[in-house]
Amino acid sequence: MGTGRLEAFSDGVIAIIITIMVLELKVPHGDELHALTPLLPVFLSYLLSFIYVGIYWNNHHHLLHTTEHVGAGVLWANLHLLFWLSLIPFVTGWMGENHFAPLPTAMYGFILLMSATAWWLLQCCIVKTHSTNAPVVQVLGHNIKSKVSPFLYIGGILTAFYSTWISGALYVAVALLWLIPNKRFERVANEH
Amino acid sequence: MGTGRLEAFSDGVIAIIITIMVLELKVPHGDELHALTPLLPVFLSYLLSFIYVGIYWNNHHHLLHTTEHVGAGVLWANLHLLFWLSLIPFVTGWMGENHFAPLPTAMYGFILLMSATAWWLLQCCIVKTHSTNAPVVQVLGHNIKSKVSPFLYIGGILTAFYSTWISGALYVAVALLWLIPNKRFERVANEH
Amino acid sequence: MGTGRLEAFSDGVIAIIITIMVLELKVPHGDELHALTPLLPVFLSYLLSFIYVGIYWNNHHHLLHTTEHVGAGVLWANLHLLFWLSLIPFVTGWMGENHFAPLPTAMYGFILLMSATAWWLLQCCIVKTHSTNAPVVQVLGHNIKSKVSPFLYIGGILTAFYSTWISGALYVAVALLWLIPNKRFERVANEH
Amino acid sequence: MGTGRLEAFSDGVIAIIITIMVLELKVPHGDELHALTPLLPVFLSYLLSFIYVGIYWNNHHHLLHTTEHVGAGVLWANLHLLFWLSLIPFVTGWMGENHFAPLPTAMYGFILLMSATAWWLLQCCIVKTHSTNAPVVQVLGHNIKSKVSPFLYIGGILTAFYSTWISGALYVAVALLWLIPNKRFERVANEH
């Protein structure tokens, strides 16, 4: 089977996830500037999550672009990824409304860690169903980012109970790491 | 008419159904671990429904992939299926917030039963408009899962008033049954 | 320009409209049967609106299928239609929660009337940009349903203040009228 | 990479943005006409934002239609645009519920200004990755609307603190300016 409908469905789910997070930014009752102040942490957590979901969409786009065919295993690995991503709005709201309290901040990192694990599983499923010289397999060869990120997430989860500033800095660091585009995907895509 | 737009619209509706269920996971006010405790049954019912909606999307993908053309009858049979699926978030929330009380658990099974009936009707409509040697007709020939599931749903509805544990176990059993991929779809798809 | 992206965007908006209506079915607090009773009128109005939005999607699918190209005028006529359709969840909720009170029932008919007008405008825009022997122009030639519906809607709006039963019956009648598929679209589509 | 999936994802996000704004039109409790009165400013701000988001979708459709390929830079410039557009429902609700008070009205203009800036950045990214004689570069050459709009938005933001009527009139003026279709896009599209 081709990747068309898998991409369309994932686009739909990711588009909704990225947009319903903004519903957590509840319209304040007052019309003064200080009515917006309690929304600042909610806004900051929305911004971070928007970037994370954007990174996943971007990488999903690149990954599926080089994938040639999908079987039942890949469909479920993809749904598994979407499941963890769908919990991002919940932890984003929880972390934002509690002004980056330790437990919600750690839980935020946990959901990011599970999403990264689901992403890694999806890659494995795709690699397993392609021959070793398929473009997608070559691209996924050795990715330093994928190997470093889980440790940074675990670091963020553990440090959340000591200082949520360090924790937040680690989450921002992983996001920045991934914002740098993966040149290999584009290079392989251009070669084909 | 081709199946393209029917797939796109169904993808949109199913993507929204699967994602709005997470809105029932209301952000708790406290930042302690016990603030999450009352959300556990809501989370479990979300997980079960996510898998069910995922199964429907997966099967819909496989079914339409082998379907060659759609008429007005199929369009309405598909909308009928989407109607019952759209009630899943409601019964999921009702069951979760009432900690798997008898009536909501039975109602959850009823919506699953109606969805399965709508799915069966959709298959009939597609078979009726295709010749007997069309791939989609061959695939749908004899499917044991489709025949067993309604009885398990009815079992789940009835046992809900005695023990919601048995009821829940039956719903989980049907989900597991469907998680095993239908080899015939992939085989027929590969042959064409 | 082709119709691809207009269809994709309309599918997205209509899919969301049809699905967010179900959010008005608020999860009740009790777990007894009588907890569902106040939801019955909300459910009935959801059912009627689901059918109406389904009819619009169906007709939209048929219309765009025979349309060959779209210009800026058609894009805006389509957005105008989506605007009125986007108000259907609001009037559906208002009518349902007020148990079919006169004013909400009349307002529901008004939004249906405006949607029908927007649909008619969209057809005019498409006809204007196609030659007289284009399939889409032939199909839209004389449609009795389109001519009768506005009068039934106006009837429904006016009778709402005397008897909402007559009003509701008229809305149901128009829905049933449109559920009968337009054979001409399929015949013309098959010829091409 | 082609523009297909970028268009599909943007369609999804814009479709959700345009539709969730209607959720701010909360179903009133009464069934009398005066129950609708407090909703009038909310409705008017919804109408204005629907037109703005419609304009962005329309322009996005035209822009991507002439774009030949997209790289990582364009994907992120597009996500940046979607980020600012995703804040429109929030400021629309805030402005509407506070009956066009100065600060919310100024903030509404600020989000429109940032969206326009993001749109301009997206255009720059697309132009940078195309040769100077590509259709998309020719089309974007000199656009008076793009140059005038930021000044009108800044005017709207500043005048909001003196008279929200002038401010609102300026926002309406920009919307009307953009409703006039950009003939160049259609002409260039027809030539190819």
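Each chain carries a letter (A, B, C and D) given by its place in the written order, and its residues are counted from 1.
One rule holds for everything that comes next: a residue touches a chain if its C-beta (ideal position, glycine included) is under 8 Å from a C-beta of that chain, and two chains touch if they have at least 3 such contacts.
A quick note: this is a predicted structure, and the numbers were derived from the prediction, not measured.
Asker: Between chain D and chain A, is it the same set of residue numbers doing the touching on each side, over half shared, or a different set?
Answerer: Different: fewer than half of the residue numbers at the chain A-chain D interface appear in both copies.
Asker: Which angle of rotation, from 0 to 180°, maps the CA atoms of chain A onto the equivalent atoms of chain B, to the nearest 5?
Answerer: In short, 90 degrees.
Asker: So what's the Cα centroid distance for chain A and chain D, whole Å?
Answerer: Each chain's C-alpha centroid was found; their separation is 26 Å.
Asker: Quick check: how many Å separate the C-alpha centres of chain A and chain C?
Answerer: Distance between chain centres: 37 Å.
Asker: Return the residues of chain A touching two or more other chains; collapse runs of consecutive numbers into ranges.
Answerer: 8, 12, 15-16, 20, 23
Asker: Note which residues of chain A are touching chain D in the complex, please.
Answerer: Listed in rising order, the residues are 7-8, 11-12, 14-16, 18-20, 22-23, 25, 27-33, 47, 50, 54, 57-58, 61, 64-65, 179, 181, 186, 189.
Asker: Where on chain C is chain D touching in the complex?
Answerer: Result: residues 1, 5-6, 8-9, 12-13, 15-17, 20, 23-24, 71-73, 75-76, 79, 82-83, 86-87, 89-90, 93-94, 97-98, 101-104 of chain C touch chain D.
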